[in-house]
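My structure is below; once you've seen it, I'll send some questions.
So that you can tell them apart, the chains are marked A, B, C, D, E and F in the order they are listed, and the count of residues begins at 1 in each.
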């Protein structure tokens, strides 16, 4: 999006932060190059959002903060580094949008933001719940993130929804494992049946004004639209539908978000996955602008 | 699916058999590497099927029987070899699921199974009827399989349906050429209009309890979802729709099936076609398990 | 489509003309190899059109006229060369179907055809209006074609429709910029809401019997279906839907058409974009045949 | 090379003929698209040959004769069709340069040319001798061509050389199996040790003025330079070395030649294999021109 | 190389400048994404150069100045913009290293630098001389750059060498066309025969202390090593040899340089061309550092 | 190589073991799919080795033992699991050949084998010494393996050689860091200067009869030949040269070996890197057979 690359936070509303890390990946690695791929193709995006009727970069001062200092092969030290970056930005009043990286990185983001905002509402768009207790015997991986987050009290699960679950399972209760933790679960089939309007209604009822984190795993979308990802599942929504469901979040109070699991080496030559992810980030920015417009919150810029 | 590779058939319910052969292909070859591609990516599948509510591998003892001994360049000798393998397995009471290979191989499978079960009902998911009399002057090719099968008395055409035909034709009557042979033809447009429920009804009326062979050519699905195939046709269903139509076969008595025409060299880097095919095979296995549950047929395993 | 490559125009109804030019491209170049890619894969097409119920090549004498003599790097001289070719063909009573090339080439085609037919109705299938006044300060590029065409009086804008606009914009009024020029604009969302039948009605009302140019930019279709293009936008229609909307033009008097922006280097290995474009061209040919059948216009061939 | 596509043979010196056939392939198929790939990239070639100091297309009238009428899946009928084409051209005094296709097609070419010229000298550039008696039990395949040719008396083996053999073998005597049939065998290691000059000498001594067929399998070259082929072997020469060895054939009386085994689907995106093959064909044409210059043979053109 | 992205020139020795422009390309476009590809992979490079025995970034203050403001489709306005950037940097005493873009951009660089330094010595590593008078009738393109530069008096041709010419030609005198303009021409074959040491000697004699521009077209290298380029020619040197020849320039007074013609869309998945180009740039930087060490020229940094 | 997949060790000489792990990777991940890629393409290999003059699989009983039980994301637990597997096999008198995985896995192999054989001689073919003390602050990674191995006393460094180092460095002493640890270092330039014969001599003098581990990192070879790897360096040897250098190890007493760093997602479509790695493994097996022949050691098989 041709954002200025800046490391100062004065007068900044939103910072896009790369998290080039994929040690938490179980199948196809490569999400460490997700931030690069998303940035490369993001120059195709333009500032005005016709659905919401606003110029995103007029409403918000957005910067590219560069990458958090990850450590390949070490998830604990990476969590600390990502937490540092998000903590510093949140402390300066800047809303963070993370570019994954695999879904393990979201735990570090949530820790930093919950530290500032208290337990957050979560809207997780994903083919998988990522609520296993262990994966290959590991407690921290891209398959355990949201169980850990719930256990650590980072989430207000009663205000949270997992959206898009589908595919084959290890056990009968995997699909709705999030419900035991207190999340609402809307499977992919249920989401299609709801449609965008009823979905917006459901979100509004569940989340309300609560400070919310929106986490978008690109495998929420069908592999025909997002082939470049680590754990693809057939039968997902189209990218057009994904965008429509995101636009339904018009009144949500987003205090942080990310878009994860872009594994560039598996993307098609035309890079549809990176393009989708860039659009998802752009929709996130627009949602943040919409909420400020709704609440008359002065942007830092203004 | 991390199946054990076994060549014994005691206590086995279902055997997956590779048929790495593509001499019958008219346009893009490469289906000989279909079995390898499908096996490679099948490790993404997990055992529990949430729609049917069963653990496939708990219900059924499934093995990977390896590949049939095909002869590149010689369709007659390959038919003999495939027939041998399928005959031996069927004789041992094992249900076979073939991994193609181009669609010519299905004739050999049908010969072996009709030998045991008599004329079979056929459910053929495919963009093309494959009912030409000759192709480039050849009587055996991937475009003539089902005319040959009908002529040889391997099929109970009055219980059979061809599903998904679309695209440009050589002659006006190609689209419904199957009807002359006695098949019911549901074109892709008609299938979409029907929807899964009416389709299930149509299948149930046509097929009933008859021993059935389900043949799934991945070009049934749109090239956006299954680009790695020999004769793609625009305008097909999505992989999600394909899965939904397969799930509608819940009560069918499947005595054999295959998934064919995965031409790995034309697949996208993320291998969506192989992933779709692996899912199709998994749905086949689930359907076999569902039927046994319905009929209380003891699995060999139990 | 295995067309004869002929440079004589006697007894010819329609000529397919390659325009291997992409100097007008703003983002990803490569449309200069569009004609080669479309021709290579067009051998998959067969002559009979089941929807319209006619054999295209029996109804029409169609030739492959080869490529217009473009000049890489020079848009003015290329316009002259393309204009020459189209003018000569139109002068001989041959309907031209251009294979782009980027969307800048359409201006040259329109100039030649308007010279013969007067201002044309336009049906433009496209994600973008291509109605900027300048792009990077240039007045001739793939983003300014239809403003230039309107300004030059080549179009009867009151009979013209732009179809499929979507995506992020530079300014609030970009989406409907065509309306200022007199075009009707049907955005992608509006088109989906209309459906094929109401769309056919809208076209019929707007265009009537007027001599019409149909310009199809493959980015009208979603990048999952047409990844090999210069300026992809998420959220487009499927290739099946695109074909259905084209079939709704059954009574339109097409005097010229093109299919543009196939950037082969960005296509997936299975070449879905080239395959889609070949199908679009085939649908164009069928529409020309349909109109002649309707109007009893003798084809040159007959 | 932007050759005219002509099917008349008056005044023609050399015809390039595509043979899009790969049914004889044992491992990776796809050589059926070799002719298309070579033609597509051949536009990069220019007419003047600086090493030999002549303008190839000034010296020779060269046409693209299109493709022989192969039958996918049937090697016998394909042999008949290719033989027909080559016989007709040879009968009209036209030198043929075949674009494979897999190496099985050379047998058909040799049959047609030996019919006219008597037993031919052979210069075979190849990683493999292709002298098995059977392959998968088949007597006609890309691995048996030169044993069959020798048995059928098509070759003057005492004037023939196989060049470039390398790689792992089935049996100890495979590497020099050609010697039993009377061929000289120069392995890849021996060729490197010889160098171009001594190689030229060896060719001159062995072949002399005898009418010669030059068959170039692109797997003669290392997979780094020619990755798009069916049976790659590591450790081959570079494309620069290959060209140098070809240029050493300056005085050979070439009455036919081919370049085979370009499997386009396995080529890298930059198409180095097709580019190499186009260069090989161009070197063949130059060698034919050189011989005519040497012998003052009037070209048909002159 | 993880360079700081800076737009100030105080205390800067060398600035790397992207020139994302490919309107001057005759065959495969895409060099506009060369700068992005080179930057992406340049993070693999480390600071210490073992051959020259120095830490490049300790010796020199190097910045990434971003991209010059090119105008796709307009070569004249792009020349002005590139000239501006290079002129401004040269005026501030900063040595420029351009990342092409196609080879047409070098003319703009030379104009700016000759304006400051007077006619420059040129060392051009390239498969093609790029000395045509016109290409497709155009006087400014990637095939005419060095004739224009000589005509405009930007080069001291008597101190200049073209290195690496090879491949088929349009006319007999193309290979040595540079000689008419006063350049020395060392063809690829001659270069190999010379070897690095004699080459260094030849350079030293020809160039001496003269302010020199080094222009490196990646097609100098064989397509096996640099497949991602617009006009590949078989038979080039390896990347290892290329690096060795560059290292032979240890005492040359480089006042500017570029590395051009990286067409990323044609690169292999492992991006060998971009990696080679990044190494070429790194060798250029090392050569600049070597010369300063030799001449005791204080770097700005020191 | 169509090896039997067996998990019993009776009568087995050599076991090939996959180690699908890449958590130790610093740049491009994906070596976890190295074993799959090598196995897939290994069917191209045949049993007889013409250089050594023996049938590898006649001399040795070789099995495919499947994969060691790695844990993605956890290097310590993976080391334990790999150590277990190698320890069990070595305990049963089976020689292990590992298929990496990244180069971090070699430490676990060396621990298990040193446990049985005492400190081992090492022959490491690699572009990088992998002797950093820490990488991103981590003591265990693919960049620290051989420092750790030396520190842990697993290697007899006075009998060990590192071969092939090249490329840019972090510090002046990186290239020869192995020498401080006691290794001999032969850089890539030095190796080329030596040639195979002198290299064989150097190995023989350094290693003698000592039990030796041969570790082959595919980045030893140039990226043109092995593009699919995590940390490519331009300027390496060709695959033919690599094979020749391996063949020079004819009398070495190999008690274990591996081939690592095949990152399949970055390989070219023709899979040259996997093919090279399969050949390297085959050369390793041949070397083991050669030594047994030399020493009359009865193979288990005999």
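Assume a contact is a pair of C-beta atoms (placed from the backbone, for glycine too) under 8 Å apart; a residue touches a chain by one contact, two chains touch by 3 or more.
The model shown is predicted, which means the values in this text are computed figures rather than measured ones.
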Common touching chains of chain E and chain B: A, C, D, F
Winner on C-beta contact pairs when C-D is weighed against E-F: E-F
Inter-chain centre distance, chain A versus chain F - centres from mean C-alpha coordinates, in Å: 41
Chain E residues counted as touching two or more neighbouring chains: 222, 224, 265-266, 268-269
Inter-chain touch pairs (all): A-B, A-C, A-E, A-F, B-C, B-D, B-F, C-D, C-E, D-E, D-F, E-F
Touching residues (chain side chain D, partner chain B) in the complex: 22-26, 28-30, 32-33, 71-75, 77, 136-138, 140-141, 265-266
Contact set on chain F toward chain D in their complex: 43-50, 53, 55, 222, 224-225, 238-240, 243, 268-272, 275-276, 279, 282
Complex interface listing, chain A residues touching chain E: 5, 36, 40, 265, 269
Chain F-touching residues of chain D, taken from the complex the two chains share: 27, 167-172, 174-175, 222-224, 227-229, 231-232, 234-236, 265-269
